[in-house]
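Here's the structure, in structure tokens; my notes come after.
For clarity, chains are labelled A, B, C and D in written order, and residue numbers in each chain start from 1.
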């Protein structure tokens, strides 16, 4: 688009000013509404507990949550570990299972999507295992691998593995025939067509799979820690329940949410870097 | 032009999908370096015909020879410009142009020299590192055509590449493809619905009949270049072709 | 190769892989029976489970208990999720008000809510349905909102040209155009809801398939765990299969001809 | 044709600019056009931008930053619009698509069905009343768009490159079709295109617009009798004169 802003008349210029000002005013207005609604939500919550509508034994006020959060930063009581230790235990656990799932799942999905015979051989097994939620595997894996980290890492691997395979598989299947034909008519071998075309085209969808896998891994981690753990954020909120400390539960839940959000943003930054050819539309 | 050796021989080409006969016993020859246009009514099997030539699909009967041997993408270099935009979104303009050369495992000097030449001919020096989503439709199509010519192909097939362009852009691209054809001396087979475009570009026009398609006529267009659309001789040839095609 | 030749070859390959899976199951379970129930033991346990109820509830009773919780929660999540999602997608002010709260709660996995909900509402039916609701609500409201916000600008133009009022715009243009995204959201909600109901039942329940697994775990009845897991898989697959049929019927105009 | 030319739509000194963060982009720059009653007017210009924005200002989809659009003895509401990308609703059958303008006006079902049926027959789609757009070809979808545009009996029809996405031969066919329909149901038509051959074939008058920002470069009166022949010498002469005068939008 050519930048021809030099010779436009004054009347057009100031009518654009008006338009721009209106847009800015609307944006400010929306921001105001958002902040007000969040404040109202917090005040209602605070009021509900203070005025006794909800018994403070079961739900604590936001101010209490902040206090406990600050206290938990340094004090291992009451759930036996400082917030930092819980976070690191959980992170170490989730990353082991998650990264293995990505490293094995994405290539497997890509190859399954491209090579027909391999697809027909592997996908039936996959279709049988897929509908069973990873959490249902916890009891069996505890019996096989005990309560330690290997059992939990295996569950997280299962939870993350499925979306990686499916999305990479779909990515390859959706490759437009025209791209494949360009490669074939240039004399590319079957492997070259896969490597130079399908693999690249499927990358954005593979990343969607990696994102979904992260969400699955993170929630399965919490489940496995709820069931059997000695530390970690899931364990912390479980302790909060048994010690009837709603503030500890809520601090644990918020930390899980915040860390989950951070991991997701880091991942999309990596995606933007790797798949820089995709239009930002 | 007669004694030039034959580049492409098509003998009794027939194609049947189940019991639907699409191409019926087509035979013709194309000389080396010739620019042939193929026209025919909508849906008469032109694209099937092209897919057969590039061995994307196998014929039911008949054979296709390039320099006397059965056509094979691995042995011969056949380039194809498809109708819908086919620049690889994950490659820059220059990488797209060099794609075919890399597959054919050409030496890096050869690749660099050839891609520089094509980028020069297309005048895309400023856009060599742009990704397809940063280009206009016409620029992307020019990169795709550059990629096809970069291979110095034995046979270059183009399936209605300028269908969506506005008229001034189409004139520009038609002149550009003629320039590229003259510079590389490749043999070009150009499919189009637009009869004026066929008359403007072709040294010879092959007219396909309705389904099941057969060669209905073979019209030589020996007009000097660059041709003028309103020149009486041009109009006569265009009228001749239109009367054979007009089904509406 | 002809079409039907390819078909038979594919059937063969799939059969081969399933047989392979069963063979592996045989081998592994025979070597460590108490770790891994043999196929025979699992089938026996299934038959015994059908005859003898657990906690006075038959096997069908447990399946229905889980299904009831999921279906109830889904209906609530669809009504609220689509309703709120439509409003948020269509009206900027409503979105500005509700979105921040949703964005804060969304990253918290539904399973992380279990301790708090149990603390607040105990271990009856309501907390379990509420948990499944949380698991199902977020995907639906998010997909509906983005579905409405991403309606093709051209369809909106047609509506504007013919002076459609807001109600007509929603009924004729926005809702049908957003339908595919809404249905995708519901599909995710079903699998997420099914996962949450199993987790909730494993942590605190006297009925349902999650409870059966827990029962197997407590009494080291590995065969029961396996039977319960297979049931969860089968019922889960049926749920999403039923939904795909509904989706094809509702969105027939979508699929390519 | 000159004396009884009655002005139907008057565009007075229209300009339109869009402000993005970094720069101000001007799409239309001081355009003044008179559109005569029941005239087939073609706005011809290269590539995208200007023309479509100009049409959107006539239809009220966009408000001009400067100048105004006047409709003479008919208000701006009853308009028909045919888009380039076939803006036919994929979830509605052909009948439901065509009758929609009247349905939105609250016209009872029987009456609007009758009107829609007449138009479906007019554009040659009878027998396809209950099919879905996914079962129709590109050309047929555009016929639905044209039928819908006529549905609420508009005074003015606006068409934004309606045949832009069709192949050359279907395009020739649709150009003949639109003229046949226009002869039967005479309305004021403002037709936007970048195809010069199509413009000369269809238009009573052609207004050639420059590339962005759109300004009026030249006005051509096309006095050729209808139906016109693409390869007729006079036709080609006019076409080449216009081609020499249009810009190349690379």
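In this text, a residue touches a chain if its C-beta (ideal position, glycine included) is under 8 Å from a C-beta of that chain, and two chains touch if they have at least 3 such contacts.
Everything numeric here is computed off the predicted structure, so don't read it as measured data.
Using the contact threshold fixed earlier, the set of chains in contact with both chain B and chain D is A.
A count of C-beta contacts for the chain pairs C-D and A-D puts C-D on top. The mean-CA centres of chain B and chain C are about 51 angstrom from one another, to the nearest whole unit. A separation of 48 Å divides the Cα centre of chain A from that of chain B. Annotation for chain D: no residues touch two or more other chains.
Counting partners per residue, chain B has no residue that reaches two or more other chains. Looking at which chains touch one another, you get A-B, A-C, A-D, B-D, C-D. Chain C meets chain A in the complex at residues 9-10, 13-14, 16-18, 20-21, 35-36, 92-93, 96-101, 104-116, 118-120, 191, 194-195, 198-199, 202-203, 210, 213-214, 216-217, 220, 222, 225-226, 228-230, 232-234, 236-237, 240. Residues of chain B that touch chain D in their complex: 41-42, 136, 138, 160, 163-164, 166-169, 171-172, 192-195, 197, 229-230, 232, 235, 238-239, 242, 245, 247-248. For chain A in complex with chain C, the residues that touch the partner chain are 26, 29-31, 33-34, 36-38, 41, 54, 58-59, 117, 120-125, 128-129, 131-140, 142-144, 215, 218-220, 222-223, 226-227, 233-234, 237-238, 240-241, 244, 246, 249-250, 252-254, 256-258, 260-261, 264. Of all residues in chain C, only 154-155, 157-164, 168, 172-173, 176-177, 179, 252-257 touch chain D in the complex they form. Partner chain B is touched in their complex by these residues of chain A: 176, 178-179, 181-189, 192, 196-197, 200-201, 203, 275-279, 281.
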